[in-house]
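You will see two complexes here that share subunit A, one where it goes with subunit B and one where it goes with subunit C.
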Partner chain A sequence: MTNVSASNKPVPAPERSTNPLDPTRPRAPNRRRAGRIIALIVIATLIALIPFIFKLSPYVLNIFMQAATYAIAVLGMTVVLGYTGQINLAQATFFGLGAYAVGLGTVVLGLNFWLALVMGIGVAALAGFVLGLTTLRLGGHYLAMITISFQQIFNLVLVNWSGVTQGPDGVSGIARPSLFGLRFSDDRAYLLLCTVFLYAAMYFVWWLPQTRTGRAMRAIRENELAAEVTGIDTLRVKVIAFTLSSALGGIGGALFASGFAYISPDNFDFSRSVEFLTMVLLGGAQSAFGGVLGTSLLIVLPEWLRFLKEIYLAVYGLAVILIMVFLPTGIWGLIRARLDRYKKPTPVDISAIATLDLDIPVTDPSPILSLENLEKHFGGVKAVDGITLEVMRGTVHTLIGPNGSGKTTMLNVLNGIYKATGGNIKFDGVDITHTKPHERAGLGIGRTFQNIRLFPLMSVIENVMVGAQRANNPVGDGQLALRERALSALKFVDMADHAERMVKNLPYGHQRLVEIARALAGHPSFLLLDEPAAGLNQTEKQKLGELLKRLKGHGLTVFLIEHDIGLVEQVSDTITVLNFGKKIAEGEPAYVLRHPDVMAAYLGETAHANA
Partner chain B sequence: MPMLELRNVQSHYGNVQALKGVSLHVERGEIVTLLGANGAGKSTTLRNISGLIPPSSGDIFFDGKPINRISPEKIVRMGLAHVPEGRRIFPGLTVKENIMIGTTARGRLQRRQMEAEVEEMYGIFPDLRRLSDALGWSLSGGQQQMLAVARGLMSKPKLLLLDEPSLGLAPIIVQQLFATIRSIRSHGTTVLLVEQNANMALSVADRGYVLATGNVLVEGTPAQLLGNEEVRAAYLGGGKRALAD
Partner chain C sequence: MGFLVNNVQVLFAGLALGSIYALVALGFVLIVRATNVVNFAQGDFAMLGGFAMVAFLSGGLPYWLSFVLALVVLGIFGIIFALGVYYPLRHRSFLPVIISTLGASIFMQNTALYIFGPQPRAMDRIFKTQGIEVGGVFMDTQYLAILGFTAIAVAFQYILFERTLLGKKLQATSQDKDMARLVGIPVASMIAFTFIYSAVLGGLAGALVSPILFVSIGMGSIIALKAFAAAIIGGFGDIRGAIIGGLLLGLVESFGAQYISVAYKDAFAFLLLFVFLLFRPQGIFGEKISEKA
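Coming up: the complex of A and B.
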């Protein structure tokens, strides 16, 4: 990849030549796919062989080597920043750890290169793991500051702990490795080795987003709170992202050290981290190709613009600003958008989708949820003020009350977004008062939000698949099982024909349905719905009412917040009324909706007349 | 000359066509409502009018002047306010500051007049008076919705676009809100209202349009629309049930 932009040779041509295959597209998607893969392999091989085909000066080979090793570290940034949305300004630290492991390991300790490489990856990954743990409490600009400090400490250690690191002088005389008796002392051979590593890293980073973990990463980027509530252990996934990212940084650094034979602390300082950041943003943070494209450009550009040397960092800064303003998805994002215009979504055969299995056996007569004297205070405000209630299995239990009476707060305490100030919550006989939201999702508590919380830059089906992959979901783990479950859930809410669309392009009401489908895909036994009818018209509300009744028929318990009294009356078995965080009435709809206190605080006069 | 006129407006999100040629008009002093299923293009129509999305073709006239190539800020200054769906309030400002910011487009106001107008909003939404010094983010969803509507009203526009103002409000507040919409009109503001609560919307509107997949399907008075069996069945919640509710 790196070499293409440098040489400007007619390498892209094969890609164009595959296009005449397009007319066969509608009939043979597999053949087209195979054609594309073959084309990609041909291009990749040609690029890797450029140094052997054309005569390149050692100087140019060095630049290519730099680009290839940097690009591996930048692919780490793709994982942590592009996929997971976590800022990392310490990638040069992990790059440096890999480099020093190889430098010191081979030169000082006399270890074999491959052993030192593995050590470097291990050390970098461990450091990334530790840094990832800090995201438990910190995010956004605080995380940025932590990573900067991490980077600075690393640099200070490199410079000052000269007994071990050889200080500012750095490590020199790092040898090239050999494999099966083959020595990579020739620059071209070593570059080929780097390219192979780069291709492997690219394949891994390209493959990752479609996996369970990759989807979880992107969900965290799009909406961390929703991801946690849907059942993703967000801390674990963020730590995985940091660990993978730093391991890639370590690989890049290890290859760099051996390639250039000499390393010193200033190869791995803060400005290098900023450079990695710029590369990934410039190229496009959300794709493996973007990271490599950005790296190539930013390594080759300065060579063309040598006269800029002194204001190098200023140019980087300017590039970041301009890209953020004009190309928020980077160069690859722009290319991607162009390509997507020609992509026709494969139509979904709705009749072939299996019916959604939602059955929850209702045999136990005990309440599924019981709250005892539940309290949630914000400073002096008692948003939930000593609520005791029981929700029976297989019923629709509705919470109503004036705006600001504590309904949504109560839901947030129920699924763990807020910690209760006092009291306790028992779910299915287990005390869950102190568990995390994703653990509650794992027990079968599903949730939708008042102000829709979907993953806007993911497709409809991906959103719902995230719901299907909660822990303990009886539907199975495989990609195919998740996909089928998601399609069934979409069919259940009548949205299967929108499966491949991007969520952010859907109208409000459809987004609501997708959110319900996401919750149902997790096969919940208990479903918290916060104003599901908001933004639906009368017809759609009636459909929703029927849907809720169907859910109840399957044995699900629904805990509902809703303002549409028609709907509430139609579906509720029990209604609880809140006012100022306290329960003011509870019982069957016919009783509660005619309760004078409820009419005065909530329903008002007209509704009174209608009811 | 109508206050607002749309002629064959088309609009796209990427390569998805959201409006396929919408023509409608709103006369001075009218309350007009747009009805239709989700995805019919109601919110998109409002966003095209207020300049948040430039239409891909067609013309929009406000007070006789074409506005389809004018920026949203300038359109606001011409006297057209848009209260979008989804509670866009300023989380770091107090409730009162949020309300006062609504007057920005009207230039500088006398302190006393400002206070009087804020007081008027508190009259409509008594909850907001109690929360006057609370920060925007600390409000519940329904309270934020009230605040967004109050801020829109403060710009005293010639034409007010309301996108689902009743979303997430308790029934008692919804009744007050619709009474307010009626009184806004009697103070000389024309209203274009998007609502899912069709029965409620038609109870205050002079005329309504029903949109379907980016086209205007029917236009008429509330009585005509309510009497149209097809419209009732498809968009207003079929038959007698809805009335009973």
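Coming up: the complex of A and C.
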């Protein structure tokens, strides 16, 4: 970005940061940033050259080689577990696929190492892709189980399919590669090669969270349902994460095979997968540095803990429990928290933020949403029982009804969290009854939740940027455009000065506003608000009412669920009343709120009789 | 005729094996229901049951006393497990808890390795006679014992859960902890009881299967994996599902080993699991999985 203009106009907020944990933190002044990068490069180069500076025994070189190759696989765990929050108990399998591709490729098929390496990465990535595609829709416990099963089957095949894999004896005599006539037969040279690969992997894993995909991954980790509804194709992003993780596992394994010249099924069993998992957790799963730190510690630790002898592994198991209890963010997370304490967030210049563009031209007189005989049944319960409804463009349409009358269920059917049992939903003339939530977000349907669903361990602005990056959002593609859009949305709800704060540290009322900003950043033409006033105090409610009125002026259609009748009467154009999943009244507020059936539904039959 | 006899024999062995999976799966499902925790150390309860019996028997105690004492030891261990592994993490998401139980599994196996050494231990069978023959079908007495004890355990559990006040409290706890607490059920005790009971079930499975499989530190892992697969196949969190899934898996495994491949016998369970996850992820008895907004 250039600052050539002489005017003292504030520069728009920068888009990237020096901090891998919190990518949206404003950039330090350029000179300091350059200084840091140079320092980092110098340190990294020195570390890489240690074997050439000091005389190290072959044993120590082996340990370093193990650490470097394992660390690449562990960085895969950072992506899948740390960023995306998906468990993977089969990383040793992908590591093994890379190793066997190089082992069998070079020894049996006589392939060139580099070709075998590419093959290994390809096979590992493909395995991860297929496994992810078939099982990631289940998630959670299932994923743990499936990955373990995959790991077990892999080991059975390695041991028993001896015609191809050479069985329990393993593959020996794996040669070192050469490059431009240079052979990496010297351990030091090969270690340098591994280090270069490791640095490349670290750079990639460090860079990833700041990208659209990386932000989507973290949103999934924080709240998968909200991520999907905000417009992220969660299955696709999870499969990408799994594939990347597998590919990194494959690279690590391929380098391992050539480094140690010998591989056997024991190198790639379940306990190795657990070891990778422990490494990433100990170091800190949410940053590239953490993974490498954890790997180095757990490989060097056994050397220091020799005195524990046979009980070493028992202590190791105990350590896993203790890490989970006392070090949930790992060692790097702890260091990071310490460092962040001394960091002052750069103030956001609110006057420089552009006004949020929310305008939706209302020219078409047809309803934006029409429901035809919509039904949602849970077993025998008819939560939504044949609703036919039209919502006109540019209006605030409110859904009211007693508790359990099916309001939230209806919203969930409208944005695709639930599949309709019957009937159909037409949005902007298109039948969307069978589309997924993120596809509906892509059409311009925004949503907030009754029990706030934000991404607590991401900053306010990142939360809102996730909303801005929905498909078809007319705001431009670059990170800068997303950031500006998010800032404008925050300014609209009067939260811009909190942009850099972590969402989990915000009070309740502010979280509500951030959730609305997240929806608005996506430039929705249709906004579903589920009890936005719940839990707000009187002042906050008043502000919300004004906000809703401001929205109306832009041609945006709002579909609102609300219990606060004062607010409802103030903002609504049309009210629909539900009871027991059925529509019992509809019309203008003045008419509906005095309708005898509505009063009966709210106050009971006696009230009706007395009225 | 020989074909039929042979198949009946395989069926019998499959049911016995399946019963072991069912017992471990049952303990696993009970913990899932009470705490929403997937306990990856469930199989190691079986391993501990086996080693506890070996220890008591080699100490010269009579068989049945050793059997009962082993179950008591496992019960005590269940409390320790609940306090050490579950309790500190009870308010966290499922991921840290899963990982913590994995750590517990490593800890238990390696502590057993330290105490008992790497050699698998043989254990006496419950009955002296090797087997009885009925209509040409040879029936191993240990298999009969496994089937018998499993039937008793299932019946006991049914009565406990459906016919006693304690059972009602346990069910209430698993359905809604906050509500249970409001009506005065001591939720923490109920959860502790669930861990004790699950550990005892695991120990029972270990004590029963040890004469067939030998007692080794790795025996728990493979049983646990099959039991998890059984629980998912039956319908995650469903008690009937755990039993039916376990039996089904035992049958698939023994018929697979008989007719397809002995080397890949452990893979059949996982392949069956994959098939279920692809085409019926909710399992045999399970409800559709969905999250509430």
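Keep this in mind: the second predicted complex is superposed on the first by the 564 of 611 C-alpha atoms of A that agree within 3 Å, B and C clash if a C-alpha of one lies under 4 Å from a C-alpha of the other, contacts with A are read in each partner's own complex, and residues count from 1 in each chain.
Here is the rule we go by: a contact is a pair of C-beta atoms (placed from the backbone, for glycine too) under 8 Å apart; a residue touches a chain by one contact, two chains touch by 3 or more.
Note that the structure is predicted; figures quoted are calculated from it, not measured.
Undergrad: Should the superposition on subunit A be reported as showing a clash between subunit B and subunit C, or a fit?
TA: clash
Undergrad: Would you check which partner chain A:Gly163 touches, where first means subunit B only, second means subunit C only, and both and neither mean what they say?
TA: Touch status of A:Gly163: no partner.
Undergrad: Quick check on the superposed pair: does A:Tyr508 touch subunit B, subunit C, both, or neither? Answer first, second, both or neither.
TA: The answer is first: A:Tyr508 touches subunit B but not subunit C.
Undergrad: Check whether A:Leu281 is in contact with subunit B, with subunit C, with both or with neither, and answer first, second, both or neither.
TA: second
Undergrad: Touching A:Gly380, do we find subunit B (first), subunit C (second), both, or neither?
TA: A:Gly380 contacts neither subunit B nor subunit C.
Undergrad: Quick one: is A:Thr539 in contact with subunit B, with subunit C, with both, or with neither? Answer first, second, both or neither.
TA: The answer is first: A:Thr539 touches subunit B but not subunit C.
Undergrad: Is A:Pro365 touching the first partner subunit B, the second partner subunit C, both, or neither of them?
TA: neither
Undergrad: Would you check which partner chain A:Thr408 touches, where first means subunit B only, second means subunit C only, and both and neither mean what they say?
TA: Both: A:Thr408 reaches subunit B and subunit C.
Undergrad: Subunit A residues in contact: does subunit B have more, or subunit C?
TA: It is C that touches the greater number of subunit A residues.
Undergrad: Pick out the stretch of subunit B that clashes with subunit C after the overlay, from 44-52, 98-106, 116-124 or 170-178.
TA: 98-106
Undergrad: Following superposition on chain A, which residues of subunit A contact subunit B and also contact subunit C?
TA: Overlap of subunit B and subunit C footprints on subunit A: residues 408, 450.
Undergrad: Residues of subunit C touching subunit A in their complex?
TA: Against subunit A, the touching part of subunit C is residues 32, 38, 40, 84-85, 88-89, 92, 94-100, 102-111, 113-114, 221, 225, 228-229, 232, 236, 263-264, 266-267, 270-271, 273-274, 277-278, 281, 289-291, 293.
Undergrad: Under the definition above, what is the set of subunit B residues touching subunit A in their complex?
TA: For this pair, the touching residues of subunit B are 13-16, 35-39, 43, 85-87, 127, 131, 138-143, 145-146, 164, 167-176, 196-199, 233-238, 241-242, 245.
Undergrad: Under the definition above, what is the set of subunit A residues touching subunit C in their complex?
TA: Residue list for subunit A touching subunit C: 81, 85, 87, 134-135, 138, 140-142, 144-146, 148-150, 152-153, 156-157, 160, 225, 229, 270-271, 274, 277-278, 281, 310-314, 316-321, 323-325, 328, 408, 411-412, 417-418, 449-450, 453, 530.
Undergrad: If you look only at subunit A, which of its residues touch subunit B in the complex?
TA: For subunit A paired with subunit B, touching residues are 341, 378, 400-405, 407-409, 450-451, 505-510, 531, 534-542, 563, 565-566, 569, 601-607, 610.
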